[in-house]
Amino acid sequence: MLYADIAFVHVLQEIIEILGTLAFAISGIRHAAAKHYDWFGGFVCGIAVAIGGGTLRDVMLGVTPFWMTSPLYIVCTLLAQTIVIVFSRSLKKLDNAWLAFDTLGLALFTIAGIQKTLSCGHPFWVAITMGCITGVAGGIIRDMLLNKTPVIFQKEIYAMASIAGGLLYWLMMESGVNVAVTVVFTFLMIVVIRFMAIKYHISLPVLKGEK
Amino acid sequence: MLYADIAFVHVLQEIIEILGTLAFAISGIRHAAAKHYDWFGGFVCGIAVAIGGGTLRDVMLGVTPFWMTSPLYIVCTLLAQTIVIVFSRSLKKLDNAWLAFDTLGLALFTIAGIQKTLSCGHPFWVAITMGCITGVAGGIIRDMLLNKTPVIFQKEIYAMASIAGGLLYWLMMESGVNVAVTVVFTFLMIVVIRFMAIKYHISLPVLKGEK
Amino acid sequence: MLYADIAFVHVLQEIIEILGTLAFAISGIRHAAAKHYDWFGGFVCGIAVAIGGGTLRDVMLGVTPFWMTSPLYIVCTLLAQTIVIVFSRSLKKLDNAWLAFDTLGLALFTIAGIQKTLSCGHPFWVAITMGCITGVAGGIIRDMLLNKTPVIFQKEIYAMASIAGGLLYWLMMESGVNVAVTVVFTFLMIVVIRFMAIKYHISLPVLKGEK
């Protein structure tokens, strides 16, 4: 019974990871398509979103980048590219689905980043930072590859959802809450904040400046 | 006799590496010149093309970046810069020569990337990816430093020549072919595909998209 | 007496490091403000300048990035952001103060980069390169995040001050001069070159080119 639960959670996590990777890769490829990049450019932009943040994290942690340990991420990106090429028109109707998967991906990647950093023996403030990097750096790299100003610096709250989730994770673990419960609450917090931000167009204040 | 052969191959490889590094660095410096960057900007763009891909590879492999083990690459870049500054006008006439050296560099860097990754114990699909990164990432970093959209996402086939070479390398090694023969055929395949692509303006399909 | 001297130097170094980090972070945040980035975008641009160069250095040296060992750098960036948000108008009058701190930061970061690289057992030409990367790469990353051409490729001498300091450090150490004296002279050399460059608008020659 307990074993079945753990297996179920594991399968659920794998499914979310694949959906999140797909959603991240599709976002990169569609942005590349809007710039009329070729198939290779689309693949690079897609994989940059899917693995960029986690690779930056792993390089700073001094461990082998996660995408080098399983072909899953390259396969997901190739699948994403096939989807974009074959279904380019119908994809527009699925915008809300991809947005949902992207949010699941943000939440899962944040938690994976926190847990991997803690398991390397780093303190919590490093783990929260790495969780955020895992979730959002890929999108920033994508925008640099597209020669655009990074979207997440000017739109609805995205990175702050990841950081808020990280803080909650820290508070719950410090309070002695069970890991599984902490993960579920962190996941929900990130997803809810992100959905609220999109629904009510909640943004961070803009810096005032001149040059 | 055999020893002489090996020494000859080694010298040939060194010469190709120097010519490839020169050609890569010159491409970076000339692009910087077109943007009216100063000498330091030219040097950074030049060295980015020459060592950017290999450095990204080595950091992900967890080994010391190759340029830190020999001053050859910095010296080649300084030489490239001197060439661009002194011979800026005559360089135009040599465009075809630099294009040829650049293609030799792409082929050599791809093979070097594959071999280094395999020697670190990674599987072939990682090695092919790393071969491609070694060959093309420097040019992408150059274009990011120039605030331009990366040229290889929109022009004739370049990265695909590297990947095709990587696949051939894998097939031949799996079939039990001798390393030296495999290297020669991989080298020729990359060079031929790249020349064909330039001569007949062969490009990858462009992604259709709107925003 | 000697002990008091060492303690004094150590405190001085910490103060310069904090002022340098603050100045670097403020430069990033003010550039982000000029682009109307939000608070998160400002923070990322600020921390990119403050820790970008040192992180690139540490990743290539194969050691844990320095910012992961002390929360000082994130705290300094948050402080810098508060300063920019609260005092945005009065900051303009302090431009010369920030320029001075930025120059102190450049000198200190260069020396820190050289010393850390030497302590990892690398030769001097690698150390001088790493000193320069520590001092200037953060500003280049900032400009990439801002989707601009990097300022230091087109303005008054900046990176060359760092390299000149590195060469002096090397010459003095090779001549058997005491480390403390070498550090002080290197520091002064970088600061003086940078101030001269600003005061007399000294730039490197620009590359001539067309495309």
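Chains: A, B and C, in written order; residue numbering restarts at 1 for each.
Note that in this section a residue touches a chain if its C-beta (ideal position, glycine included) is under 8 Å from a C-beta of that chain, and two chains touch if they have at least 3 such contacts.
All figures in this text were calculated on a predicted structure; none of them were measured in a lab.
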Q) Leaving out subunit B, what pieces does the complex fall into? A) one piece
**Q.** Numbering shared by both copies at the subunit B-subunit A contact, with half separating same from different
**A.** different
Q. Subunit A to subunit B: how many Å between their CA centres?
A. 31
Q | In subunit B, residues with contacts to at least two other chains | A | 59, 62, 144, 147
Q | Interfacial residue positions of subunit B with respect to subunit A in the complex | A | 59-60, 62, 122, 125-126, 129, 140, 143-144, 147-150, 152-154, 159-160, 203-211
Q) In their shared complex, at which residues does subunit A touch subunit B? A) 29-42, 44, 55, 59, 62, 64-65, 68, 71, 74, 84-85, 88, 144-147
